[in-house]
Amino acid sequence: MNVVRVGFIELWVRDLERSLAFYQGLLGFRLERREGGVAYLRGYEELEWSLKLKEAPFPAVRALGFKVASEEDLSALKAFAEERGLPHALESDWGRPRILRLQDPFGYPLAFYFQAEKLPRVLQRYHEHRGPGILRIDHLNVFSPEVAEAVRFYREALAFRLTEYTEDEEGRLWAAWLHRKGNVHDLAFTNGEGPRLHHFAYWLPDALSILRAADILAGAMETDRIERGPGRHGISNAMFLYLKDPDGHRIELYTSDYLTVDPDHPPLRWSLNDPRRQTLWGHRTPKSWFLEGSPFLDLEDRPLPTRASSLEGMPQHVI
Amino acid sequence: MNVVRVGFIELWVRDLERSLAFYQGLLGFRLERREGGVAYLRGYEELEWSLKLKEAPFPAVRALGFKVASEEDLSALKAFAEERGLPHALESDWGRPRILRLQDPFGYPLAFYFQAEKLPRVLQRYHEHRGPGILRIDHLNVFSPEVAEAVRFYREALAFRLTEYTEDEEGRLWAAWLHRKGNVHDLAFTNGEGPRLHHFAYWLPDALSILRAADILAGAMETDRIERGPGRHGISNAMFLYLKDPDGHRIELYTSDYLTVDPDHPPLRWSLNDPRRQTLWGHRTPKSWFLEGSPFLDLEDRPLPTRASSLEGMPQHVI
Amino acid sequence: MNVVRVGFIELWVRDLERSLAFYQGLLGFRLERREGGVAYLRGYEELEWSLKLKEAPFPAVRALGFKVASEEDLSALKAFAEERGLPHALESDWGRPRILRLQDPFGYPLAFYFQAEKLPRVLQRYHEHRGPGILRIDHLNVFSPEVAEAVRFYREALAFRLTEYTEDEEGRLWAAWLHRKGNVHDLAFTNGEGPRLHHFAYWLPDALSILRAADILAGAMETDRIERGPGRHGISNAMFLYLKDPDGHRIELYTSDYLTVDPDHPPLRWSLNDPRRQTLWGHRTPKSWFLEGSPFLDLEDRPLPTRASSLEGMPQHVI
Amino acid sequence: MNVVRVGFIELWVRDLERSLAFYQGLLGFRLERREGGVAYLRGYEELEWSLKLKEAPFPAVRALGFKVASEEDLSALKAFAEERGLPHALESDWGRPRILRLQDPFGYPLAFYFQAEKLPRVLQRYHEHRGPGILRIDHLNVFSPEVAEAVRFYREALAFRLTEYTEDEEGRLWAAWLHRKGNVHDLAFTNGEGPRLHHFAYWLPDALSILRAADILAGAMETDRIERGPGRHGISNAMFLYLKDPDGHRIELYTSDYLTVDPDHPPLRWSLNDPRRQTLWGHRTPKSWFLEGSPFLDLEDRPLPTRASSLEGMPQHVI
């Protein structure tokens, strides 16, 4: 069950036109296909679509997509789901004949796929690039009321590898960053009411691109979409900018973390109240960042109930 | 009385060693001379020193230095001071035989000079550059309880030119940016208890250098020195980072504003409560930024009394 | 006769559509007006148009435009032309009621103006910016068979100020950089067959924008337009990229030189064969760069004859 | 036999002091240990040393180091060497108890290791970073007179994966890029007299860092060390700068290629004479780049003989 990397996210949005004005018009995502109320987009480096938007009555996250290494891995995942009694279903989508939807033991609506039709390479068609230069999907971050259990499951059952984590003084796990593809994360867990999506993130070429994204939003009089940043994370060392899309889904623009492919790469521990943890420069994090998230759908496209976390409160370094 | 540009600032600091650890050690200013409790520093583009630090019992600002176009301009300024009854005195300093100190009608301790010994050119000695790459002094910003009057004086008597200004709904002037050298400002006035220094600013090569300054401070565990930013100003369009030095003097790292040499360049009006005014990206400004400043000395090196402003309150967009 | 800065250039191009595909489509210049075979463009920082393209039977440069400080300066220039017997004529153009065309003693077709209708400010409309981010016209560079004489005239008659110059071992002047606006140049003279235009230059925000311009041209399969660079000049310390437009007119994208407003700013001497002079990194310059230029028109729009230079040869550091 | 990534290179240099002036003094490599004529260095992101310099009578490359996933992989490699009759030997080095030296069938002196003492994390100690900001070793590139055979071996025996390759019109392979860690390459083969090292490469944070490296060398009057670039590769899309160290070893500073972890990632074919292949911007490549390389040592530290390639000539796009 070899998971290669995060592959896509599927969002429900209330007004597709408005969402495209944001993702395509301002952020410069490349729209590859639109039919009816559905749109498929990608970054300039990607050969597969990675963002699916579907017009729907309310905002939600329908699938957290992961690319696996082969069709055999898909079959192994199906067997695993059956063995564990996890809800699952096969479906197909544009250019992807076989997608295994699977709800993990905590409720997260995963979607695994291997086969994907390749789109034409546009990385070096620089004259067509627009916006700050979105390159590729980098990671997903989810709220969890049971971070420690979720991390254990993803490490043991799906062989995700831990790179960084946040603990409080009593050794309780508040957040963890797990990867498969060799950088800081494909998937992160953040303590809080869940399961909910905290954010999804795209890779940009460099720090200046991150600043340009903020400039573009300001130019369009859309500063309300900027929730946090630009800044440099202590965790991951990446440059970041967090935006809220027109439905409140949070997207992070992200760049310049580090290589983690070594099997003996030592996980990095952060103390919950370290002021450099969230933003290396000591910036405080807005409370909304710890509280707001997007609801998930279950495999029958119904809103997934959430549970509160027993770890209450939030880090000291907030505003 | 042709003022060419802002030329230097002279600061009193309580512990020169500690100040040099900040300015030279972290920010990479080039130390050109140190003797006793006095140090002279410059940026990598400058041919004249621009920052003088003097160890003293309390933090203060002794002089706001401006370069004039000739010795004749100095003499004209002296005549002007005599005519207006403004306190003034001649002194000399390292490499500068004739400096005219002059207290303007509001109390600001100005210092004018023309002749200055040129230091060797180090702009292209890139292997010797350290820190984020401080290039040159760019401007001074002072608190004033009477912004409108001060602006009128500097425009009329000293031919400063207005580039941007902030007004409230009732047409009262809260801040103004004035230049001589052809970019947004050499001198700005900010409403508040004064006369006090709000900040002095140095030009950096580009936005990435500004980010690097923040990284360097974070690396050195000095995030407490970061008061505001990095960000992009609405006013001036410049990228900025505000730091507090070990004595609480505020220094701005600044880059990428615009050319203002046209005599018919139209001043830009900002509304006091425009959320994009302070930071184009909509960031709120910390209250300290509107409240804290450095005291000035009078021409006999005694602390200059301050007065409150009749324009009370602060912009809405603060934290 | 107070010249403020370089203001515009007027080019004859053979195919306006093709030229707009280059300037507007690839470089992102903002097209402000197009009527018949004429187009007016500007950079994102400018409040006045700075590039005029006119469809014509052959490529040429009709005017080197300079902004002066007032209508009185225009009148003084007119009187100067009459006194010296220099060909001159008044004309008007879009938003510019009074332009004084004037052929200097060497034949260069200058055009002076003060009054110019201001265009809306778009500097912070970042969501509308395209291409690498052209900001403003920075300078003009012309071939001259008599650099020393031309430099003397511009310094003495028009008060241009020298910032850098190139000499050979025998003290002969091969090139010189002269400014009015306070950076390295508004106008430069390069030894060679002339009068011809060597290039005109626009300011970009930073070095990364220069690289992005090269990427955009490569993306569009237009690498043949890249003549030289990206690189950093020894002279001026600026980052640069030289392009040839579809008619062979050379445009430089330029950023990050230095401030030169001090009246006692010392000119910098370069030795003709210093390998760091043209490109600080030691790159050789293509021969075309020393040989190719655009013809000028005289005041009756006829091609201006050229003369060879008595300084023959070219620097050693070419390919 | 799971190779994780390129891990280190071991160079023989004639004057260690002079080499450290280059690698540590100008490029800012972090010197971790020096004893006698041996020095160990790393980039700021690395937790293991990656560059070993040893003073020796002549310049050579002693080892191309690769990290494997476990001690078991080392044992499997040893068994493989025995089975194939490949010269091999175990040795230890600073903090690395078990290194398997192994000469592949073509003569390349490989060195595999798993266990490595971790050095303290300095990535976020930004105040200590010097030079352009070397982060981590990225890849090795070797000359081979039999590129097709070498590529087949590395793909089949060691499971390297092909990302890009250069073919001529007759379908002959001139160069290939192979990876294990998930970006464009850990190891590349270039047609030419071999086995020799073409270059080794380090990752930098962004394109501006690459430019800064060129500035630093120019500042130090070491432009002769710059062989090619800065530029953007067509192949790999990376920004690059090629330098020659004081012994003629070629080091590339490299950044911003792309993610290649998908098992179905399609290799990209380049035509040998495509002008955008070597440098996307169309720059010609100096002949030295196709001709000069560093000799290898065999397992007994004797110079390895080289063979000419039957593919003669070089791409058209050279100078």
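Labels for the chains are A, B, C and D, by order of writing; each one numbers its residues from 1.
Please note the rule applied: a contact is a pair of C-beta atoms (placed from the backbone, for glycine too) under 8 Å apart; a residue touches a chain by one contact, two chains touch by 3 or more.
Given the structure is predicted, the values throughout are model-derived calculations rather than measurements.
Two copies of one sequence, subunit B and subunit C, touch each other mainly through matching residues, since over half of the numbers at the interface are common to both. By number of C-beta pairs in contact, A-D leads when A-D and C-D are compared. Centroids of subunit C and subunit D (each the mean of its C-alpha atoms) stand 43 Å apart. Averaged Cα coordinates give subunit A a centre that lies 33 Å from the centre of subunit D. Shared contact sites, meaning residues of subunit D that touch two or more other chains, fall at 124, 206-208, 215, 217-218, 234, 276, 280. The touching residues of subunit A, counted against subunit B in their complex, run 207-208, 211, 214-215, 217-218, 223-224, 226, 230-232, 234, 239, 275-276, 280-283, 319. Across the complex, subunit B meets subunit C through its residues 4-5, 45, 47, 67, 69-70, 114-116, 118, 121, 123-124, 135-136, 181-182, 205-208, 234, 237, 256, 258-259, 261-266, 268, 276, 280.
Subunit C makes touch with subunit A in their complex at residues 26, 124-129, 206, 208, 212, 215-220.
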